[in-house]
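Here the chain labels run A, B, C and D in written order, and each chain numbers its own residues starting at 1.
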Amino acid sequence: MNGLFEWSRLVEFYETDLAGITHFSNFYRWMESAEHAFLRDRGIVLHQEGIGWPRVNASADFRKPIKFGDLVRVTVSVAELKTRSVRYSFEFRVNESDEIHATGEMISVCVDLATMKAIEIPAGIRGLLE
Amino acid sequence: MNGLFEWSRLVEFYETDLAGITHFSNFYRWMESAEHAFLRDRGIVLHQEGIGWPRVNASADFRKPIKFGDLVRVTVSVAELKTRSVRYSFEFRVNESDEIHATGEMISVCVDLATMKAIEIPAGIRGLLE
Amino acid sequence: MNGLFEWSRLVEFYETDLAGITHFSNFYRWMESAEHAFLRDRGIVLHQEGIGWPRVNASADFRKPIKFGDLVRVTVSVAELKTRSVRYSFEFRVNESDEIHATGEMISVCVDLATMKAIEIPAGIRGLLE
Amino acid sequence: MNGLFEWSRLVEFYETDLAGITHFSNFYRWMESAEHAFLRDRGIVLHQEGIGWPRVNASADFRKPIKFGDLVRVTVSVAELKTRSVRYSFEFRVNESDEIHATGEMISVCVDLATMKAIEIPAGIRGLLE
């Protein structure tokens, strides 16, 4: 490991598909889980103070399958911090191994939940993200 | 068929699990889809006029698996209409067959979305459900 | 707590719906997660030695909503151990509270994965379940 | 419309989240549904003859939310047909509108299901994809 924040949990049976591996849509859900755990770790409370973080882009590259019963481990880092958005970078590993099974990126935009308009990331939150 | 309202759609790949069949949690989602289609068919608009229909109970019996690519067909009927709740009854079939693959029940309570308290089903809606 | 096995995890954002609470279909997924954690805790390896545990029935009563960010805690107990099936009983609580938000039951049948036919629960597994 | 293949269905309640819109993970599931419908339309049978199509990459740009009760319409086109893989391009619209709510791409690799190794797309299937 490289000092990055890491979120992990066991892969559940309901996350598999008939190919016998986890369905690719779960990688996007795990990115969200990892993003949220990262924000909580930085002291950023989600969906409070009228601020939300909808995604404008999410992508993933799948190299090796992840299986039922694997401990999926997802590292999170801030790849780019812009005025109104954050680009996160993710790496997926399983169990004790350092091999990368997938990588992903996600861009979340800071919005005023009342209007759903993009706003500048408040200074207090920006400080916690840096 | 027996004159009951029926909702149907193809089973998707993401609804399967590594046992090669559809995951049992999807039957509850299909009951919701069938319930909502039934209500729309009766002219009842969901999540409008401040009324919601959370479930207080849902159960299902699984007799035969439903598979990827099957057309799942779900019949809906009102098993019991009480002052503040509706009990629905569901039967699951696939493709052209009349064989029952699963049955289910669901009790939905009429609530005021502002307070989330159970309220009497408004007369206009009750009339459409009978 | 009462000595029962308990599984827990944080409720994720993707498990919520537009009513602002967790969607009822997740309770069935959490029952599966809790069942599987319980079996692992007893030393029972899932989907090995050619044995699977499909459900023939699952039901739940919903009393109070469970929300984004709650730690959902699910207790598992064997309510009935029959020759070929297990009936599990579940209680759902959140965070530090002892209040029950939901209860559920699930009947899982022991099957030979090669034939998907119900078989007697092998003595070794039965011993671990008692 | 532009002659592209289009898949559509109503957005379901269980696909929403507490922000009141459909959760972004569903766009990847809808891309899969649209891809599979496209392949069936071309006469390509999925998960038969020992061939599967796992994804190696999937990405999406989200421009406008899609809501409960919307008819989501997804166009599919083959953006690139390589020796062992297909890159699909998707556009998401809702109801009668021509406005694009999201775009996506997905790269699916042709594999031998027995070995999960990439293979050349068989000539018969290639002909149907062109």
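Observations
Throughout what follows, a contact is a pair of C-beta atoms (placed from the backbone, for glycine too) under 8 Å apart; a residue touches a chain by one contact, two chains touch by 3 or more.
Keep in mind it's a predicted model, so treat the numbers as computed, not measured.
Ranking every chain by how far its Cα centroid lies from the centroid of subunit D, the top place goes to C.
A count of contacting C-beta pairs for A-D and for C-D identifies A-D as the more extensively joined pair.
Inter-chain spacing, taken between the CA centroids of subunit A and subunit D, is 23 Å.
Each chain gets a centre from the mean of its Cα atoms; for subunit A and subunit C, those two points are 27 Å apart. Chain centres here are Cα means. That of subunit C falls 33 Å from that of subunit D. Contacts with at least two other chains are made by residues 13-14, 18-19, 25, 29, 32, 47, 68 of subunit A. Contacts between chains leave no pair untouched here, as each chain touches all the others.
Per the touch definition, subunit C reaches subunit D in the complex via residues 13-14, 16-21, 23, 25, 68. Here subunit C touches subunit B in the complex through residues 18-19, 24-26, 28-29, 32, 47, 52, 54-63, 65, 113, 116, going by the rule given at the top. Residues of subunit B that touch subunit D in their complex: 9, 12-14, 29, 32-33, 36, 46-47, 68-69.
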